[in-house]
Amino acid sequence: MPIIQMNLLEGRTVEQKRNAVAAITEAVVRTLDVRPDQVRILINELGVEHFSVAGQTAAMRQAAAANAKDL
Amino acid sequence: MPIIQMNLLEGRTVEQKRNAVAAITEAVVRTLDVRPDQVRILINELGVEHFSVAGQTAAMRQAAAANAKDL
Amino acid sequence: MPIIQMNLLEGRTVEQKRNAVAAITEAVVRTLDVRPDQVRILINELGVEHFSVAGQTAAMRQAAAANAKDL
Amino acid sequence: MPIIQMNLLEGRTVEQKRNAVAAITEAVVRTLDVRPDQVRILINELGVEHFSVAGQTAAMRQAAAANAKDL
Amino acid sequence: MPIIQMNLLEGRTVEQKRNAVAAITEAVVRTLDVRPDQVRILINELGVEHFSVAGQTAAMRQAAAANAKDL
Amino acid sequence: MPIIQMNLLEGRTVEQKRNAVAAITEAVVRTLDVRPDQVRILINELGVEHFSVAGQTAAMRQAAAANAKDL
């Protein structure tokens, strides 16, 4: 422990994800008084049709935002 | 909040998944007294080899059902 | 399947939670073409110190909102 | 119930995963006094960039181990 | 890895839970070719109002079963 | 998004948990190019009988470590 599961929308680069797990691990080690090797992080990537807010998938919200720009 | 994670077997259409998140959001707003924009839904799709009941994967169960029909 | 995990802040009544799982099950049956007995819902309740947005726990945000009212 | 979610690094064969869910189901039935059909297992596979220990992804750790062998 | 999350209804004894994690670990080691110290299991216990099948919480289903017996 | 679920053994103070969510949020904002209000963190605390490594619960491992000290 700690075991951390991070849900992310698809689209980040490998480098971004590597930087994120390194930075999160450092933050956890500093604040929860654990060794780095005790910190495990699992990344779960979601497609734009697999995450919704207010009943609208990310794909629907992105399309609506793009349309609004065209008006 | 609420944050909802829905595990589904692969195979639904985009339209089915969009209808599902809209209907679930409406149900949650109605019964838990929250605003729509407070409701987040994450869909996790599983392949037929990644879900089992009674130690049998969905693929094994589907094959057995198909065989039973052929008899 | 589907198996649904709903994360909620503590504080709802038993009746609210019963209404929510009934309404969500109906929504899933209607939109994903499954039988009611195929729908499982797990409720995970979180205390106000166990959910944060923008690095502030729900407890901190509630206290800040209360203070703002007193001003 | 029980509903079990097993997070695995990618790379196992279908046969390994079928053996694993059968063996886990048997172990749960034996120790928790439930019927086999009450045991559901969801497998979540992670790519080597999506699991980290000590801030290093599995891909980084595998590369470091390979380099160490070449020295 | 593997990291396993087991959702259980409340009510098992400490001994049952200890036997379960030992038996599941052995099953995973045997079938997925990993060392015991690579297997982590997290138990998530749910109250009878926090698990539902077909829109009925476990508490509702237990009460209905008890009533059926009294008839 | 991102939505982060952090599994922790029981025992941290409120202050430690507040520091942790603040530090993790900052790390995620810095590395994944999101706004603070897009970062949600859910803390799941586990008792010592609900987390195991190598088939031994944290309670069993702590007892064994304490016994080893007494020898």
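For clarity, chains are labelled A, B, C, D, E and F in written order, and residue numbers in each chain start from 1.
What we mean here is this: a contact is a pair of C-beta atoms (placed from the backbone, for glycine too) under 8 Å apart; a residue touches a chain by one contact, two chains touch by 3 or more.
If you want to know which protein each chain is, UniProt gives these names: A, B, C, D, E, F = Tautomerase.
Remember, predicted model here, so these are calculated numbers, not experimental data.
Any chain bridging subunit A and subunit D, meaning touching each of them, is among B, E; the list is complete. Between subunit C and subunit D, the least number of touching-chain steps is 1. Legend: contact pairs of A-D compared by residue number with A-F, C-D or A-B; the interface matching in over half of them is A-B. When chain centres are set by their Cα atoms, the one at the greatest distance from subunit A is E.
Centroids of subunit B and subunit F (each the mean of its C-alpha atoms) stand 29 Å apart.
Subunit E has its Cα centroid 21 Å from the Cα centroid of subunit B. Chain geometry summary: the mean Cα position of subunit B and that of subunit C are 18 Å apart.
Within subunit B, the positions touching two or more other chains are listed as 3, 7, 22, 24, 26, 40, 42, 44, 46, 51. Contact between chains, using the touch rule, shows up for A-B, A-D, A-E, A-F, B-C, B-D, B-F, C-D, C-E, C-F, D-E, E-F. Across the complex, subunit D meets subunit B through its residues 14, 17-18, 21-22, 24-26, 35-37, 39-45. Remark: subunit C residues 1-9, 12, 16, 19-20, 22-24, 26-28, 30-33, 46, 51 touch subunit B in the complex. Interface residues of subunit C, counted against subunit F in their complex, comprise 7, 44, 46, 49-57, 59-60. Chain contact summary for the complex, subunit E toward subunit A: residues 3, 40, 42.
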